[in-house]
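In this document, chain identifiers A, B, C and D correspond to the written order of the chains, with residue numbering beginning at 1 in each.
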Amino acid sequence: MSGTLLKIERLTKRFGGVVALNQVSFEVSVGQIASLIGPNGAGKTTLFNCVSGVLRPEEGRMQLLGTRCLDLGGLASHEVACVGIARTFQNIRLFGQMTVLENVLVGTHVRTHAGILEAIWPWERRTHQEDRWALDRAMRLLERLALGGVAGRPAQALSYGQQRRVELARALASDPELLLLDEPAAGLAFHERQELMDFLRELKQEGLTILLIEHDMKVVMPVSDWVVVLDYGAKIAEGTPKEIQEDAKVIEAYLGAKTNGV
Amino acid sequence: MIPGRLLRFLAIAAALILLPIIDGNPYHIDILATAALYALLALGLNIIVGFAGLLHLGYAALFAIGAYTYALLNLRMGCSFWLALPISGGMAGVAGVLLGLPAIRVRGDYLAIVTLGFGEIVRIVFTNLEEWTGGPNGLMGIAHPVFGSFNFGVNSTPYYGLLVVLVAATAWACAKLRGSRMGLAWRAVKEDELAAGCLGIDASRMKLLALGLGGWIAGLAGCVFAAKQGTITPDSFDFILSVMILAMVILGGIGSVTGVIVGAVVLSAAPELLREFSAYRMLLFGLLMIVLMRVRPQGLFGTSVSPPAR
Amino acid sequence: MTPGELFLQQILNGLTIGAVYALIALGYTMVYGIIQLINFAHGEVFMLGSYMGLTVFLLAGTIGSGGVGWLLLALCTATVGCSLLGLAVERVAYRPLRQAPKLSVLITAIGVSFFLQNAVMLGYGAQDRYVPALLPAVRWGGGAVTVTPMQGVIFGVSLLLMVGLQGIVYGTRLGRNMRATAQDPLAARLMGISVDQVIAGTFAIGSALAGVGGLLFGVYYSTINFHDGYLVGLKAFTAAVMGGIGNLPGAMLGGLLLGLLEGLGAGYISSQWKNVIAFVVLILVLLLRPHGLLGERLSERA
Amino acid sequence: MSSTFRCILCALVLSPLFAGCGKGEPVVKIGFVVPLTGDQAAHGMDMQRGAELALEQAQAKGPVLPGFKLELATLDDARNPAQAVSAAKRLAADGDVLAVVGHLNSSCTKPASAIYHEARLLHVNPVSSNPQISRQGFDTFFRICPTDDLQGPAGAHFAIQRLGAHRIFVLDDMTTYGRGLANEFLKAAQSTGAEILGHEGITQGEKDFTPVLTKIKGLNPDLIYFAGMFPEAALLLKQRFKLNLSARFLGGDGLFEPALIDLAGPGAAEGMYLTTLGGDIRQVPTAQEFVKAFEAKYGHLGAYSSYAYEGTNIALEAIRQAGRKDRQAVLTAMKQMKQYPGILGVHTFDAKGDTSIRTIGIYTVHSGKFEFVE
């Protein structure tokens, strides 16, 4: 189960004059946790938006290899989700007025098929099975993320940490091949970060490939198998966490130019 | 169905069936029949506004398309009411989707004005295409439905029965839809279209589905209206009607199936009740709307939803 | 009447009604910009403007030669009267619903519209009322193309008001506060701006403009009816959206454009299809520029 | 509020609906349906006054039906066909109603006539002139005004023979009445060889007709015919004057309203012509005391007050001749009533229910007043 799952080649995205992504290329291997780091405005979220079909890049190719080889270039965001890529958002975008359980159930939309007629008069046996599967999967995910107790409450009424976990559960509900996490640790308390790291390792065990955007090096370094560093839209380094920590260019990008001798 | 709601549903159904029997006054039954017709329209609009969150200000146009479809089918080809019913529904459903194609490309209040535009365009087209639609004179002599040997005629009781059945079926379907996978998808699109997209929900398709379904129900209602009235003229499908149906949905409680039906009954009965005040009728009606919105902004049966923290 | 003169006359016709649409569209756009409400009652405020003017003329009894004097008095009455009405409507109907879902306020607006319409019907009677022609009915411009003094007044006043409004919005403290509240009411409140006052101010100004529009409309067409607000209000709202709802120059452009569209549509195609043409063009504009002609594109980003 | 409480609340709202009206002493009613709200409210109220005056005078002469109190059940249809049907059903359902005088606009009279026919209820129509209504074959329908298929041709002949017009532009207000009258005028004018430059509709309630008038000016017709109501007609006259469009102006009976002249503004209405249903009520000898009584009581005599007055009297006469509270009896009494000497002239109704009075009056505006021409 090795080989690349996601292949990005010369990805370029411009907003008017600003070049948000400049010829970025890298690969994410199957069953691996890859991290995307870089100072604010380096283009990390823009890359996520291109992969998930929210934005259309000017140049470059994005391929999902894995079970079937697919070019993500022309796909709309809902088609990208159908091929097995799920994502979370930098600033949480839950369905506030729907309950936590309903939010996660929406995640299972991709894996179920019941249409209008099915909904009104479910005569197909498959619909009953799918409904049970969806509910069961949603409840299991909520239990795993300690959200069982708040399943019936509206999503907007939860604490920040809880809302992060609901968004994670919702993304996982669609049983994706590749999970894009946009700063999942932002705003979490210390113990919550540890739980997150353990949970990510568990997911990796279960064969899920994860692409992570994160600022907190204490979360990135221990968890990641591969790290890609972006700065001003360009890839400046790539490698194992250890290599990246010593890489001169990365330090310079983060801490500014080394002044002589200090 | 949770027993509590089942009980309430049966109680209401029993009351509605018994009414025409205990109080044979045709005028009261006509009001109830009109109320049931508005309830059907409100249920249809509720799918568009309540489920999918599309502010539609031209719903009367879909209602008109249903009515004119039956009228033309009946007058030109002598088609029976029962055959024309699904066809009218289909035509209005297709029109709902076609009118929706450009509408879903714009957001929020712009969508409202595009649908408003369609409402006016359809009404004026029906007024001007004289050779087809009889122009402002409208179409006359539309056949009443015949069920076996029983001709519905002018009396409102059979229409009332037919409409109650249609409303009950539609309400049941809407309740099922609301909780289903599609219902969740609609509510997701309504709250955050982009996030819903990233979860694999094709927002445009969902919106068109809602418009088609809403159109279908308006078409059925239009067909029954044409059969009941016997004569239809374009000026009874104007912007005021679209606004009234919208008011019923919002007043009843947006998204809530029982709420929308109650909203329709209250708002269609109110003008009749205020008939004694003749000249002051509409004045009090306007006041009633202001007061009701002040007392229950989320509608009679709406769930009191606190606005999302900005 | 040569085709050239015909075309010129149609342009003049279009611009006259277009100027009135623009004045009312400004009111729609200002209110929408501030609290995102489609103020259905705005058409009725316009209609009341013409009735206030009528009241002044009735009190004046027989209008002697001092027509212009009475017109100025009527303009002031309509301005003050309608802005007070706007304040009252906002205070009674809309302020309590500030936190309510947007659609509920829409229904309240419709309720206010019914209320005002029927109040005037009961007060002034249902039949059309006659507004005396103040300015001499002389026709300027020889030959085929004619312009009446009243058309001149309409152009002049509406131009003056539009420039004045730009001055208020971009020159005064209230204007700055209005723009701030439109962008982000929460942030504005944090900056110490009394949002309620700003919203009230917006209603006052918007209603005053509509009042003047109503008066000019009444005097120019000389017959007013309690039902006028509905149709003209609908058109003005269409104009406001065409120009880009929430955008002041957009409302002016939308108003004039819609007036021209109707003038040329009725003139060259047929007046039966006039409204259809106006709405078809509106829908085409929105398809090409989903935020109206001058509306800015709010880019949607995750 | 728990939901059961809400249900009780709604039931309370609806309950007055079902409280049957108390059965006081025996009552006989005449239904009277006109627009009392909406843009036709002015005409509706004039007609209501005419009907009330008729009722007052009849009761003064002694009970119409011994032992019964006479009432006028007035309802508002607001020119909306759906409300007209609802009001018609209400009257049809009320056993006390023996006859109905009503509906002003043809778009309301047409659907309502079917309901009165079903209920075997005498339906006297004062002033809906659309010819199709009496062609529905309803024996309960009687109309006391000439129909548009008379008014249209009469206007056409007058325009072509008397005014020598041969280039005519036809306008209507896209209502059942306006479009119907315009079509009748068009047929008649074309058959007598006049050249029709165009036929267009304007929207009722609109104010700005300068574009279409400018187009007409480009075609320079010698006559403009307008089938519609006086508010729009006044605007057309005023804007025609402003564009100094030289063509003469001819209108239908909807324009016959004193307010037309001052609404159009000084001089704008000068020299225009209009056709009316029946002659000038002021000149008709038999109508003198009605005019005096009406103006004494209400001041301004509306265009259609006389028709409502006449219609109500005919209904009262039918009830008086029927002698008992039974709709079928009233219907047969009406059919036997060969002639009815009313204030508009002597009515004899043909098989379809239309009156024999077919005189179409022609008026002109001369120095600010209506003047009877023929």
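Basically, contacts are C-beta pairs under 8 Å (C-beta built on N, C-alpha and C of every residue); 3 or more make two chains touch, one makes a residue touch a chain.
Only a predicted model underlies this, so the values are computations on that prediction, with no experimental measurement involved.
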Chain labels contacting chain A and also chain C: B
Chain whose mean Cα position lies farthest from chain C: A
For chain B paired with chain C, centre-to-centre distance based on mean C-alpha positions, whole Å: 32
Centre distance in Å when chain C and chain D are each reduced to the mean of their C-alpha atoms: 35
Distance from chain D to chain A - Cα centre to Cα centre, in angstrom: 73
Residues of chain A touching at least two other chains: 52, 54, 89, 93
Where chain C touches two or more other chains, by residue: 118, 121, 272, 275, 302
Shared-contact residues (touching 2 or more other chains) in chain D: 37, 174, 201
Chain D to chain B touching residues, read off their complex: 3-4, 6-7, 10, 13-14, 16-18, 20, 36-37, 74-76, 80-82, 85-86, 89-90, 92-94, 106-107, 110-111, 114-115, 118, 130, 132, 136, 174-176, 178-180, 201
Complex contact set, residues of chain D against chain C: 37-39, 41-42, 44-45, 174, 200-203, 205-212, 214-215, 217-218, 220, 230-231, 234-235, 238, 241-244, 259, 262-263, 265-267
Chain B contact footprint on chain C (complex, rising order): 32, 36, 38, 40, 92-93, 96-97, 99-101, 103-108, 110-119, 121-122, 186, 234, 237-238, 241, 245, 272-273, 275-276, 279-280, 282-283, 286-287, 290-292, 300, 302
Chain D contact footprint on chain C (complex, rising order): 1, 3, 6, 9-10, 13-14, 16-17, 118, 121, 125-128, 130, 133, 137, 139, 144, 146, 148, 217, 221-223, 225, 227-228, 230-232, 262-268, 270-272, 274-275
Complex contact set, residues of chain B against chain C: 49, 55, 102, 105-107, 109-110, 112-114, 116-118, 120-121, 124-125, 127-128, 194, 198, 239, 243, 246-247, 250-251, 254, 279-283, 285-290, 293-294, 297-299, 305, 307, 310
